[in-house]
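Same chain, two partners: chain A is paired with chain B first, then with chain C.
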Partner chain A sequence: MAIQRCSQARSIQSLWLTGDWFGRLSARKGRQRSVHMMRRVFIAAILFVAVWAPSLLVAAEAGRADLMGKLCGDAASLGDVGRALVGIAADGSQDERAWATPVARAVIDRKLTCDTKGAVVISGEGSFDALTREQRVAVEGGRSPFLNLKNRALFETAVAALALRTAPDPTQRGAALRTLERQAAGLPEHLFEAAAEQESDAGLRAQMTAVAQAAALNSADPAKRIGALKRISATPDRRALTQVRALVADPAYAGDPEFKRAVDAAIATIERGITAGDVLAALYNGLSFASILFMAAIGLAVIFGLMGVINLAQGEMIMIGAYVTWMVQEGLRRLAPALLDWYLIIAIPAAFLVTAAVGIALEAILLRHLYRRPLMSLLATWAVSLFLINLVRVTFGTQNLNFVTPFYVAGGVPVIGDFIFTWNRMFAIAFAVLTLGITWGLMRLTPLGLNIRAVTQNRTMAGCIGIPVRRVDTMAFGLGSGLAGLAGLALAPIYSVNPQMGQNFIIDSFMVVVLGGVGTIVGTVVAALGIGQINVLIEPMWGAVAAKVIVLMMIIAFLQWRPEGLFAIKGRRK
Partner chain B sequence: MKPLASDRAFLILLAAVLAVVLLLVISIATPFGLSAYLANVIGQLAAFAVLALSLDLIWGYLGILSLGHGLFFGIGGYVVAMHLLKHSHEVTGKVPDFMQFMGWAEFPFYWTGFGFFPYALLVTAVVTLLISGVFGYVSFRSRVGGVYFAITTQALVYVAMLLMFRNDTGFGGNNGMTGFTVVFGWPIGGSRVVIAMAAVSVLMLGLTLLGCRMLLAGRFGVLMIAARDDEVRLRTLGYETLRLKLVVWCLSALIAALAGMLYVPQVGIINPRLLAPELSLEIAVWVAIGGRGHLVGAVIGAVLVNAVKFWLSVAAPELWPFILSGLIVLVVLVFPNGLVDLAKLKLVRPTGLKHMASGTPELR
Partner chain C sequence: MSTFSRRSFLQATGVAAAGLASPIGMPAIVRSAHAASGTVKLGCLFSSSGTMANIEGRLNHVVRMAADEINAKGGVNGRTIEVAVSDPASDWPLYAQVGKQMLEQDKVAALFGCWTSVSRKSVLPVVEQANGLLFYPLHFEGDENSKNIVYVNSPPASSVLPAVDYLMGEEGVSAKRFFMLGSDYVWPRTINKQLKGYWKSKGIPETAWREEYVPLGFSNFQTLVNQIRAFADKGGGKPIVVLTVVGSSIPDFLREFANQGIKATDVPVLGLDMVEADLEGLNTEPLVGHLNCWAYLQNAKSAANATFLKQWAEYVKAKNVPFKGDVVIDPMVSAYNSVHLWAMAAAKANSFDVLEVRKAFAGLSFDCPSGYKLGMTAENNYVSRGVFIGSVNEKQGFDILWQSKDAPKPVPFSPYG
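On to the complex of A and B.
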């Protein structure tokens, strides 16, 4: 690698020495014919810059002096200066904009003094000449130009337009954009396009593009409007639809058939895009909801399948997982701030092990004695859930915990319409898939999984052939609790984390287990997907509550048909 | 079941209940006796005791745990609240708060007739029987039982709570219903009316106790216990357990609704919190602490736990959840039959604890 770089440097050196830059480059690519052509263009460009740049510079200098003169003139000429400053913001070079920014600001603040030698900008660090930037003090007897209401508005626009291009802080540029947005029609059309092009902040750039498009839509030139329509229908969303719909009332819509066609086509395209986006968004939301349901339910399913015990404290295991994640985050903040963004990954073993330990303790102390009394174990686990909620409430307080949003779960990619492929949901989905993979692997490929399956199918028989049933129970309970802890971790960045959070999942995840059938991973997956998607599909029609009611009714009805759930292990019905 | 004459615990409880009724009647008629506040507390405890009885009937004697009995309690409560609001409106012309909140000038159409108490009673019975009947039939027919049944009932009460939290249903939304002013033509705040309501509550508790006792003492009660202990065998013998379970389930739901009708006028408010799954779970805890399968135990459990809760929610509200969870763990691990075990415990026999925990025939 080093040798290669070295030889590259040498060849570049030789290129400079021989002056045969293009020749060498294109010779290597084997495109001899274009060499002369390119060389010619290159030379022409150099000539152009050499001849024209100084003259441009001179022209700018002359323009500035002229502006300074007008700045110290009457109200009408001040207005001209305001418009010219807006023009500079849109068309001027970077140098010109840097020059104009303090001048425009100073006029508004009355920090500009006109004297016999020109104009002086008074500032805290020392006054300087407005034209030449040289340090100097204003000559006695100077006066500040006075802005009337109309000119003040003009200058404020100019300051905002300049800030849009030159301000270093994105929030300042955002504020400037909001000021300018309201009067976009009166501004040079390409101001926003130019600003959007050089904008570094993605969100702000999207806003700028939107404003630019809106400005182009209302421009006087029909060709430009049609062009803007085409561009706007390439990114269909609800905002674009309202913008384009408003054009139907435009006089040009009735008068110009070509414009009418363009508007109609744009509306159709945008509506198609929005529908596609809505469908995708519903599917995506359903998938992410299903993955959360799955993670909350898989631990429950393992435990229920194995021991016939419904663990009402499972929601609290989720809560503990989220709290452990938070503690890992706070620990990293103190000890290794550089790793703070990775707390979600680092917390994975911690969340799993802590909740698994809590689960094992719960099993050993309490549930071990209740295996033949499943209804009592319901009450016992509820007592544990009550205890844990209040313990956490007393220790940490009831307020929601604050989580850092790491860069890998922040933001999203707008796909089509209003559908944004958000990374935090993707994180939940990916995490659920990972959990599924690990659980499946554990259950299918390890001796523990084999034992768990054996005890699930026939506890007595498994005991007879020498499987340590009690130990399998304990391990499985730990596994189920640990999986719930992982669900808590996945929920941490997308859900409000407080002592009560587990309560919201518990009934939904029971429904998943009951619907999926006892002790089958496939059943849990299918039930979670089904409930998640149905919920999300019904929600926009009748609301979240109706969705829950309908889903529950469907589950009860379904249990009529298959009382043991979707994927029951075949056996005799009692 | 022991014959009534030799069932000492039951007779003592019944006598105590009647004594309290008498005490309350004296308090109404004469300036002596209990204060309105104390009477109100007693009345609420009695309502909870009726609720506990309803769950004991289905869980203790039939082995079916419902974690959704708050739903029927809530139905009774909501209907009686509707009656009180409508009645108050008819007498005083006061427009209920929730209608002002929603900007409604008139009652929704389904409120028609609620000013008439027998109609409200009828609606409670019909709605309760409809919901419990349909749900019970579909569940028992497909032999959903045990943990499955418990969880499904809990989901049912949860969904009911979510529904009631909506403001546009015409049942008061998340603020619930309050501001009752008149009951049967009397002002509801008067101390005599408060004591009278408490007296009715305690009287109802006595009647429910007696009614359950009579039901259980007969052939029907024997069948119930047989179904609890071995349903398959009973079915094999040719008894239709579906009908048996359904009847008891509906009866239990009706008693729970009655408890709700007693409870809400005394607290003066109902809101969807009453339908929270936690309350339904708590009912099971009262019964478990008092002793499943014992009418006396259920009543004592409900009264005791709620009395402690009343006292602690003033004295140390933070402490209550810890005490409750501790009590539950104690009961499930050490005293599987609740206070009934404690009553049998002889202090001179320290091995008794372990003996009882393992030797008691267990319900599945």
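On to the complex of A and C.
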């Protein structure tokens, strides 16, 4: 039995020839497949180890030295090392895995230096020799092996496979499992089984078993294959579909009716999942684009609706909001590094107040003198926009600002099919909803909102009944600018922040405001949702360029039919 | 506000449109002194505003730096170089207008400028008509050979094709399927046309690629990244993305790409216009491994490069230039090479006359910071450059993945287009 196992090991892992026997045997020691068989294996193993142990240790050392040599070799031998490391994760002993883990990590991070005496790994615990693990620093003139894309993939797999076995933290093991899941079919079969066996976390163990089952798609046992199909169709995406569709050409598909049924059922389930995922993705993308449009437009809706001022500097208010966010981040970095991750939340009042102050200053200094001359105010705000762009460019430079990506806006989670729920978009959506709530509350529930609505509806009459029209104008301009500042904050984790960023938004936001009907919040919301969703629906069919053209044509056509927009304020205006 | 009506709105937008279209304040755009005796003037056509500002703007300073360097050594033909800087504001027709003005009014001896091919195409008739000289520092789509333009960077045959070949080869990722994503203008469309021709010549079926374009300045890449994922998961071989979007679209695309969890080892992106400056402001850790290809990378190992990097850092410090002193990109080096090539040719011809200078190009060679020797022949105005393939690292830069043995002879016209 032992001999049989040994030859099996040799065929899988020729590189780790001697080390393998030992590792595989000890890894399988606790396996409860058959007591009888276990006992035989165990006895054989003990005999084997007793006779061979000293020479085995030497051989393992030699294997490692060989690997180190290859590690410092060319791209092809680096690839061999990557495969060998995956092999260690699956079959190696605990000691070997512990040795391999920092080495694999160091190669990816380029923290491994090859020098005349071998290789040195620099890790959190200092710098030590990769082979002997003795503390030492690299000899001058060493070089770090550089991974090309193929080898990088191998080492990423190796790191994840080793983490699956050795990482102390269950979340790390979980992350490793998710990385490996996508390529399960190409990995040593028993990697997941072995990991599941020693796993202490019950939930994670179940997941590992599931992955192991899914990996058995091409095994010899038909029952296992059908089980694998069931597992695969539980996570439907296009990758799974490609994998399962390939089975239609499999001889078993024609020969075994049960297998055929299972494959057909799996394909149907996966296709349903993909369709659901696509629908959700389209909705989510539309919603996220709409939230961006809404954020950019809501401030303008207040200003344009109230005063009819075409504020071309509105985009620059968004830009200023983003820059204020950046300054808050830098301030936190200096004063309270512990809070750095929360800068997006902490910056909310600053972004609002600073841009509101800029808006109020703009209104007080410039626009209030131009209210009776809309053409002049349009040109003046355009000049202001150019002025602000160049002011920022001179002060901060033209480069994109460096934002920390806090954990709550990084990455995403796959939901169903190919739909990935990305957190930065979710942040923008949540922020847009929050802004909508606050704006609605301000307009409907506060005296200022009442005044703004009154002035919007009929300026002269509002003035007659004693509303301080000019002051309402100033406050409304401040509010509109402050909302744009918040938009800048929400956009910081999604788009590049540079002096020109505001110009991308000005046309889109006017589009939303005019379509929605001047001065109505609900109109702005509906218009943003409509434009966002239509854009996202057209894009995959005819491309992004055509989507833009078609949306603009639709808006023109719509405004021909309803010049006052979707939701016009009823009553005598002007 | 009672006067606000549709008519006034139309008038207003009309005026605004006219304002945008006609270069108000044109005289101020060209900042230059009167041509004093004892100086020779060079003109810069790089935008300091608009979508290209962040990357194009720094080239103005590089031209100035190169001119200062030459002036410090006594100038050219006994004259000192004076550099006139302009701002065509990323507005393609404005490049032609400003270029014309520089050639005719400022009498510049040579122009250095343009980033996008569309701006070069708009300047082309102007320099041909005025018989001027434009040094163009970007790698581009080729298929053009004007005697009035010096193509200092590489055509596709010595930039894009080696990189695509590398990715298709054993050493790369054995790429079999290609998603082409570009900004909607001449450079991406021509490059993609040539690539398709190249793949066809290799017997790759048409179903193996897909082509998508976005407007310039586009930033909402969610749907497109979804499409790329769907394309990649279809199976049928390793997929790659050939990215030809430009300007601020590059970081926006990369951010969305990383956010949807796609790694370089899953689907590598070959960013043909991607430079170090595009990675500023990005967390590049999830982007490690994506590729670009240029005739120079900052990590190039050569003595000339060390000198150049030091020179730029010092220049940034001394002149308070609003760009990073520790970031150098290929077009900067190409602009630097351009000024030197021009100065060498003018010195060789002992004249600033365009005809004489052009004749002197044949046989010129210059030690480029990339470590390769640049060469020009009498055949055309192309310059032979080395080829680098870079790979994004954690530090917002590029590691050298592959580089050519020598500088291949440039092929202006692609046989695949």
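Everything that follows uses one rule, which is that the second predicted complex is superposed on the first by the 359 of 574 C-alpha atoms of A that agree within 3 Å, B and C clash if a C-alpha of one lies under 4 Å from a C-alpha of the other, contacts with A are read in each partner's own complex, and residues count from 1 in each chain.
Everything that follows uses one rule, which is that a residue touches a chain if its C-beta (ideal position, glycine included) is under 8 Å from a C-beta of that chain, and two chains touch if they have at least 3 such contacts.
What you see is a predicted model; the values in this text were computed from it and never measured.
A.B. asks: Is this a clash or a fit when chain B and chain C both end up on chain A?
C.D. replies: Clash: chain B and chain C overlap once superposed on chain A.
A.B. asks: For A:Gln560, decide between first (touching chain B), second (touching chain C), both and neither.
C.D. replies: first
A.B. asks: Which chain, chain B or chain C, ends up touching more residues of chain A in the combined arrangement?
C.D. replies: Touching more residues of chain A than the other partner does is C.
A.B. asks: Touch check for A:Ala254: first (chain B), second (chain C), both, or neither?
C.D. replies: A:Ala254 sits against neither chain B nor chain C.
A.B. asks: Check the residue A:Val522 against both partner chains and state whether it touches chain B (first), chain C (second), both, or neither.
C.D. replies: In the superposed model, A:Val522 contacts neither chain B nor chain C.
A.B. asks: Have a look at where A:Val497 lands relative to chain B and chain C in the superposition and call it first, second, both or neither.
C.D. replies: In the superposed model, A:Val497 contacts chain C only, not chain B.
A.B. asks: Quick one: classify A:Phe510 as touching chain B (first), chain C (second), both or neither.
C.D. replies: first
A.B. asks: In the superposed arrangement, which partner chain does A:Gly397 touch: chain B (first), chain C (second), both, or neither?
C.D. replies: A:Gly397: touches chain C, not chain B.
A.B. asks: Going by the contact rule set out at the top, does A:Tyr371 touch chain B (first), chain C (second), both, or neither?
C.D. replies: So A:Tyr371 only meets chain C here.
A.B. asks: Touching A:Leu552 in the superposition: chain B (first), chain C (second), both, neither?
C.D. replies: first
A.B. asks: Classify the contacts of A:Gly308 with the two partner chains as first (chain B alone), second (chain C alone), both, or neither.
C.D. replies: After superposing on A, A:Gly308 lies in contact with both chain B and chain C.
A.B. asks: Based on the A-chain superposition described above, do chain B and chain C contact any of the same residues on chain A, and if so which?
C.D. replies: On chain A, the overlap between the chain B and chain C contacts is residues 308, 310, 312, 372, 374-375, 378-379, 382, 389-390, 394, 545, 548, 563, 574.
A.B. asks: So in the complex, the part of chain A that touches chain B is made up of which residues?
C.D. replies: Residues 304, 308-310, 312, 366, 369-370, 372-380, 382-384, 386-387, 389-390, 394, 507, 510-511, 514, 545, 548-549, 552, 555-557, 559-560, 563, 573-574.
A.B. asks: Help me check something: in the complex, which residues belonging to chain B touch chain A?
C.D. replies: So the residues of chain B touching chain A come out as 59, 65, 67, 135, 138-139, 141-144, 146-148, 150-152, 154-156, 158-159, 162-163, 165-166, 232, 277, 281, 284-285, 288, 318, 321-322, 324-326, 328-329, 332-333, 336, 362-364.
A.B. asks: How about chain A: which of its residues touch chain C in the complex?
C.D. replies: Against chain C, the touching part of chain A is residues 75, 109-110, 146, 148-150, 152-153, 156, 182, 237-239, 241-243, 246, 281, 285, 288-289, 292, 307-308, 310, 312, 371-372, 374-375, 378-379, 382, 389-390, 393-394, 397-405, 410-412, 414, 418, 420, 422-425, 459, 494-501, 504, 536, 539-540, 543-545, 548, 563, 574.
A.B. asks: Which residues, counting only chain C, touch chain A once they are in their complex?
C.D. replies: It is residues 1-4, 6, 8-9, 11-12, 15-16, 19, 48-51, 53-54, 57, 171-173, 184, 212-215, 217-220, 222-224, 226-227, 229-230, 233-235, 248, 251-252, 255-256, 258-261, 263-266, 268, 277, 280-283, 286, 288-289, 291, 322-324, 391, 393-394, 399, 401 of chain C that touch chain A.
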